[in-house]
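Each of the two complexes below includes chain A, the first together with chain B, the second together with chain C.
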Partner chain A sequence: MDISSIILPLVEITLAGAIINASVHFVPVGGAPAAMATSTGVGTGTTQLAAGAGFTGLLAAAGMAAQPGIIASNPLHALLIMLSGAVGAMIMLGLTMLIGQLIYVYGVGIVPAADKCDIDPITKDPQSAFITPGTTGHGIPTVCFVSGLIGAALGGIGGGMAYVGLLGLGFTIPAIAGVLAVGFFFMNAVLASYNIGGTIEGFHDPKFKKMPNGVIASTVSSLVAALILVGMSMGL
Partner chain B sequence: MSHGGGGHAAELFPETQVLGIGLVLALIGMYIANFLPEYAMLIGGALTVPACVAGANTTRKVAAYGLGTGVPSIGMVSLGMGTISALAAVYLPVALGIDSMATPIIAVIVSLLIGAIVGKLTQNPVGMKVPIIVSSMIKLSLMGALSILGFCTAFAGGFSAKVFIPGAIETGMIGLAFIAAGIAILHPFNACLGPNESHRRTMYLAIACGLLAWLVFAISKLDAISVVISAVLWVATYAMFVKMSLNDASDVLYTPELPKKEE
Partner chain C sequence: MDPTLLTLGALALAGAAATVSGCAEDLESDVGSQSNPNSQVQLGPQMGNIHRYFNKAISGEPVSYGLYVAVAGAVAWALMNAGYNPILGLIVGSGVGAITHGAYSLSAYLGRIVGQSKNFNQPVYMDVISTHMGPMMGHGFIAIFTMLLAAYLATLALGNPFPLPLVALIFGITVGAIGSSTGDVHYGAEREYQKYAFGGGIPVANQGDIDIKAETGIRNGLDSSYFCSRLGGPLTGLCFGLIIFLDGWRTVTGNIIGDIMGADLVIKALLAIILGVLIVIATAIVNRKVEVYARNKYGPYK
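Coming up: the complex of A and B.
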């Protein structure tokens, strides 16, 4: 195995960790309060949402990688694998937010409103007038939905990139590459969720400014993981 | 969003003892499973349960500080680090040219390393304010790796690469180990937390969850003796847990059926 075939996967896996961490910061996570529609976002934890979108993205990427004629070492094909991952993750998170929104609006009976901005940066609709006193927003307003889609796309690209890197290292059996990518994804998603510390509405949230810390942490941890993976690949 | 309502309940079982027992038993179980493949699920599976319990015990200790992201997150990071360590332990002996007997030891070393680095990272750039986060991450990473490697070794009947890879990875069993062991580690405290949480009750649920994970593996291997033993033990511990919960509750009321018409 020559040095260039190690460096490229190493860079890909490290970069993938950083992208996965960044992606989690875009996803509107409301936690337990959002499950009662007293906080903006989807009513579950960061890890669960990121994992759901990430796994779907990973499966979509693996599905594309298994297509006949797709060679992961070809940059164009690698891009296709990553884009397939992005689309898979976006569909997953988009549907989660859409169905959640239907339940919030027609089931619980609330008006989607963001707490962290007075005017929705995308639709320019006023937000603060619609927030029930005592709550921190509710539902998934447009800005959070768009932010979530961006996050899912980044997560899918990150997962796909990790998968391409693992294929490049020689983990050609899909089960092994998939399981390693899942473990790797969780490590970075949880680092991001600790960086957020609970809930976030999307890119307009003040907590979004903490993102560089999480990205640095994930870059370091991914580099360590990538070095271990390179060591493992020597035994293939 | 703080979890762990009542803070720390009295610690009845010292953490280091539980960890030590979990570590030693899981290692013994893996070696027995490797040398006696016909008893792999019975002994290897049974001795992996203490590793899950030790993981659940550490989860209880660290999550009581209030992670801000829910208890499952720390269980998932434990299993994420554990998966990488367990697979590294299977592949590294081949890469380094050492005997496959070193696999469990390598799993311990790699998981300690990853746990320490990730723990430090959660403290320094990320800024978690939990004083025991570094040591807990190390312990959780270790127990995650041991439970995944333990259940997969029990299923495959050995931990050398040529037995483990076709037996536990290509069959997808490692995915089951990820989530079954994950639930055994993260669920007990997640279910029991709150005011009046008692260590004894949480530990009973942890043992029940560990046994349930073993039962799932025994069923997937169609190992009749293990299925019967794990099922009996699981029912017994879970019944004990339910009994303790009912005893500790101030009152137990069953919801009646809603009246048909308002009177």
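Coming up: the complex of A and C.
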């Protein structure tokens, strides 16, 4: 194996880790408070929702990579694999947020309202008057929805890129590449959730400004992981 | 038979199985009070609300469902590779997954409730265990079997290259994330707090003040599944079913349109991606419509 065939997957896997970490910061997650309609966002944990979307994207990316005629080392085909992952993850998160929204509105009877901005940056709707006193918002307003879609797209691209990198390193058996990609995705999603610390509404949330710290952490850890994977691929 | 028709049939069956799976998963988590609303059941005795809810969340719902379905998938995969009939493998695998679920639930309930007995006088009701374990393992079996069937179809007919246990693990984590994000909101914010007026979230000051009286007698987890089967469960099922169906549909339709156009592989893949983006845009538009409806219907709170 020559050096050029190692450098590209190494860069891809490292960059994928950074992208996955960044993606998680976009996903509007409110944890247990959101499940009580006490906090804006989706009512589950950061890692879990990001992983659910990212893994759906990974399935879509792997499905594309497995099509006869698709060669992962071809840049155009690699781009298709990543875009397919992005769309798969966006479909998962888009539908989950939409159905969650239906339950918030029709099942719980609240108005979607963001607490971390007075006016929705996208729709220009005022938010604070629609927040129940004693809560920090509820539901999934448009700004959170759009932020979530961006996060899902980035997560799918990151997962797809890691998968392409693993294929490039010679992990061509899908089972092995898939298991490694799942572990790699979880590693970066967990790192991001440590940085977020519970809940985040999306790109308008003040916590979003902490993203560079998480991205740096993921870049370093992904580089280490990538070096170990290179070692594994060389039979060390 | 035409391979495209076979793929479409497998896709429809996988979507239907996923729909049942999502619904059963959510109702199971309502009976067992898993996931996020469980924090309120956990908090109840500290606020003086001695309850008869089952309480079993000791890890996140996605992780625990990932475990059950991966166990079931691994057993089914082993049986299939040993030459047994795939349907038998799926059934036996799901049975082992359901038993794993039962063992987990029992130990989680005893651990959680006993932990609260000493300081907050929450009793361990043995009849709650005996009445709830059956419905939980039953709902869990349906969820695991249908998810495993969808995973089997994904590997057999829909071109997914991953082995069955890995697809099962991914589906388990995904369905847990969906159930936790959608259906459990109905169980938590609406069902557990029905003494408060509909339409206002649950202010932090009211947390832990869960309803412990049902329409008849003392409320338990079985009442929750009855209530949540009206909205939370079916919508969770619809969500997972639509994800499995639409994600596969865009690929199949991209191929069909590409064949009609005489296009190559790259164009077909691009068509599938464009169709996926259109689906996503549609969800964003519907979400906005629902938001505007809620703003007009419920109005400002202040």
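To be clear about the criterion, the second predicted complex is superposed on the first by the 235 of 236 C-alpha atoms of A that agree within 3 Å, B and C clash if a C-alpha of one lies under 4 Å from a C-alpha of the other, contacts with A are read in each partner's own complex, and residues count from 1 in each chain.
Just so we're on the same page, a contact is a pair of C-beta atoms (placed from the backbone, for glycine too) under 8 Å apart; a residue touches a chain by one contact, two chains touch by 3 or more.
Computed from a predicted model, the values in this text were never measured in an experiment.
Colleague: Here chain A is shared; do chain B and chain C fit on it together or clash?
Modeller: Here chain B and chain C cannot both sit on chain A without a clash.
Colleague: Kindly classify A:Ala51 by the partners it touches after superposition: chain B alone (first), chain C alone (second), both, or neither?
Modeller: both
Colleague: Quick check on the superposed pair: does A:Leu180 touch chain B, chain C, both, or neither? Answer first, second, both or neither.
Modeller: first
Colleague: First (chain B), second (chain C), both or neither: which does A:Gly197 touch?
Modeller: first
Colleague: Answer with first, second, both or neither: which of chain B and chain C does A:Thr135 touch in the superposed model?
Modeller: Second partner only.
Colleague: Who does A:Ile99 touch here: chain B (first), chain C (second), both, or neither?
Modeller: The answer is second: A:Ile99 touches chain C but not chain B.
Colleague: State whether A:Ser5 touches chain B only (first), chain C only (second), both chains, or neither.
Modeller: neither
Colleague: Going by the contact rule set out at the top, does A:Gly235 touch chain B (first), chain C (second), both, or neither?
Modeller: Only chain B is touched by A:Gly235; chain C is not.
Colleague: According to the contact criterion defined above, which of chain B and chain C contacts more residues of chain A?
Modeller: Chain A has more residues touched by C than by the other partner.
Colleague: Between chain B and chain C, whom does A:Ser221 touch in the aligned arrangement: first, second, both, or neither?
Modeller: first
Colleague: List the residues of chain A that touch chain B in one complex and chain C in the other.
Modeller: 31-33, 45, 48, 51, 175, 179, 182
Colleague: Residue numbers of chain A touching chain B in their complex, please.
Modeller: Residues 31-33, 45-48, 51, 173, 175-176, 179-180, 182-187, 189-191, 193-199, 213-214, 216-217, 220-221, 224-225, 228-229, 231-236.
Colleague: Hey, which residues of chain C end up touching chain A in the complex?
Modeller: 35-37, 39-40, 60-63, 154, 158-163, 166-167, 169-170, 173-174, 176-178, 180-186, 188-190, 193, 198-207, 231-232, 235-236, 238-239, 242-243, 246-247, 250-251, 265-266, 269-270, 272-273, 276-277, 279-280, 283-284, 286-288, 290-291, 293-295, 298-302
Colleague: Which residues, counting only chain B, touch chain A once they are in their complex?
Modeller: 1, 67-70, 72-74, 76-77, 79-84, 87-88, 91-96, 110, 113-114, 117-118, 121-122, 124-128, 161, 165, 169-172, 174-175, 178
Colleague: Within the complex, which stretch of chain A touches chain C?
Modeller: Against chain C, the touching part of chain A is residues 31-38, 42-45, 48-49, 51-53, 55-56, 58-60, 62-67, 69-70, 76-77, 80, 83-84, 87-88, 90-92, 94-112, 123, 125, 128-135, 138-142, 145-146, 149, 174-175, 178-179, 182.
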